[in-house]
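The first chain written gets the first letter, and so on, giving A, B and C; residue counts start at 1 in each chain.
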C-alpha cells in the first residue's frame, strides 16, 4: 500500500542506514574471522540497535514528520506501517548477519531493532535514542539480564509494548 | 569560555549527561556489591563505566553547534574559530572534571573504599573522564553526528569492549586510549604490557591531542 | 481534464465560482471552501487561540495576517491536523483534513520549517511523498521543473539555500495538483525575484479556481497578492473581509493593520 511504499523509499534513501548495515556486517565478519571464540552477536546487536534508532529518529529531523502527516494523517496506522516496514528491512540484514557470524538468532536481532525504533520514536532524537538503548543493553543489561530467561517471548513482548507506547505518543503529541 | 559554559548549562541534555556520569557508577557499585567480591579495583571499575556521562557530554557539546545553524551565530560572536574551539574545550574540561570528582567521591564512598590513599587514583579517574569527554568531543566535531562516535565509545566502555578483544589479537592494543588511560587508576587489568599510571595517562592524552588537533584543523577550514 | 480526474476525490464543489473579472482559461480546478469555526486552543495556561473562525473561498487568495505569535501558524496547523484544538472545527471542502483519503490531491501545504531530512536528495524527498499518496513518479520531475529545482534535485537537501528549501516545500505541496493551497509565510527566505514569482503563481492558481490561503506578517507584499484579508491578533480574529473592506479609509493595508492591532504602541516583536 502507499504508506508502506513511502516508508520503504524513506529508509532506502537514507545513506546513514546503508552505512550502519555495512559496518555491522563488516564488523561481524571481522570478529568471526579474527577473534576465535568471541561471539560476534553482542557486537552486531549494537548495529541493529543503531539501525532502529536512526530509522525512527530520521522522521524527526528537519521537521519531516509534518510532511509525512500531511500525506498520511492517520497516525496510528502510520506507526503500525512503520513498524512492519522496519521489521521487513531488518530481517534480511539480520539473516545475513547470523549467516556471517555462524551463530545467533535473526528474530532476536529484528526484535531488538524494533525496540530501539520505538524508543527513538518516543525520544525523537538520534543521540538520546542511542544513549538510552545502548546504555540499557550494554551498561545496565548485564545486571538485569541474568534474572530473565532466554527465549524470544520477552523481547517480543517488550518490542510490542514499546511500539504501543510510541504510537500513543505520536498520536497524542502535536506534530 | 564563560559563554561556552553558559551555553552548555542551557542544554538540558548536558545536564542529563552529567547526571548519568554522577549516578551510574554508584548505582553499578550497589548492583555489583552482591555479585562481585571486593578487590583492589572496587568502585574504580564502575567509575570506568561511568565515563559514559562525559562521553555523552562531549558529544552534545560538539553536536550542539551543528544543530539549527547555531554555528553561524557563534562564529559571528567569536570570529576566530580556534578560539571558539579552545573555549569549548575548556568548558567541557571543567564540567567533566567537576562531575568526575563528585562522582568518584560518591562512588568510592558507597563502595566503602574512600580512604586517604585514594587521592592519586581519584585524580586518575578525573583525568580519564576529562580525556574521554574530550575524545568524544573531538570525534563528534569531525563526524558531525554524535551517533557513530557514541556507539563505538559506549560499547567499548562496557563488558563488550573492542579494545579488550583486540588485545587478544595484538599486544599493541594496550596502547589504545581507553585501555592505556585506565592504567591511571586501575591496578588489576587483564591486558598485556605493563604501563605505569603516568605513562598510561600520557598515551591517552596523546590520542586526545591528536584527535583534537585534527578536529581543530578541519573545523578551521570547513564551511560553516 | 483535470477537473474530471479530481471529481472523485473532492467533496462538494463550492457554489461560488472563480471571480468573473479575473481573466483566465476558465475553471480547470475548483477548490473547496476552507471553513474554520470557533477554534480555541490552550497550551498549559496560555490561550493561544480564542474562538477563531473564518472562511477561505475558491478562486480567491485569502491572506491571514497578524504579528508574530498571534496564532497564525497554530490555526493553520490545526487546519492541517498537525495540532489539536480544544474546541471548534476546521474543514476543507466540508471534511476535516484527516478524513480525506489522499490528502495531497486535495490540499497542498507549505509550512515554515523545511519538513525534509538534510541527508536526502531533493528528488528522493519528493519521491517518497509522491508514493505516500499513490501519485505518479512523473509528477516529481514536473513539480521540480515548475519551481525551478530541476538541476538541484540530485543534491542533498542539507546543501540547499533557504530559498531552495522553500521551493522544495512548494514542490511537495504541488505534487498532488491540489485545488486548495495553504501556505505559512510563503515568501520567507525568498529573494525579490522569488517573491514576485510566488505572488504571480498564487494569483494564477486562484484565477484558475483554486482556494489559496496564505499567512504572513509582511503587509506590503500581502496587499499585492490577496483578495480577502483576515487579521488575527493575540489569538482573536479582529478583521475579516475583502482587501478593500479591511483597508477601509486607511491609505494602505499596513495603516489599517496598525490601527486595528495598535501594534505600533507595542514596539517591535
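Here is the rule we use: contacts are C-beta pairs under 8 Å (C-beta built on N, C-alpha and C of every residue); 3 or more make two chains touch, one makes a residue touch a chain.
This is a predicted model, so every value here is computed, not measured.
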item: Distance-maximising chain from subunit A - centres being C-alpha averages; value: C
item: Most centrally placed chain - per-chain CA mean versus overall CA mean; value: A
item: Distance from subunit B to subunit A - Cα centre to Cα centre, in angstrom; value: 27
item: Whole-Å gap separating subunit A and subunit C, where each centre is the average of the chain's CA atoms; value: 36
item: Intercentroid distance (Cα basis), subunit C paired with subunit B, Å; value: 49
item: Two or more partner chains touched - positions in subunit C; value: none
item: Contacts with 2+ other chains: residues of subunit A; value: 16
item: Interface residues, subunit A side, partner subunit B - complex; value: 16, 31, 34-35, 38, 42-43, 46, 50, 53-54, 126-128, 130-131, 134-135, 138-139, 142-143
item: Subunit A-facing residues of subunit C, complex; value: 77, 80-84, 97-98, 100, 102-104, 107, 109, 111, 113-121, 124-125, 127-129, 131-134, 157, 172
item: Residues on subunit B engaged by subunit A in the complex (per definition of touch); value: 13, 20, 24, 28, 31-32, 49, 52, 56, 59-60, 63, 145-147, 150-151, 154-155, 157-160, 162, 165, 168-169
item: In the complex with subunit C, residue positions of subunit A that touch it; value: 2-3, 5-7, 9-10, 13-16, 58, 61-64, 66-74, 174-175
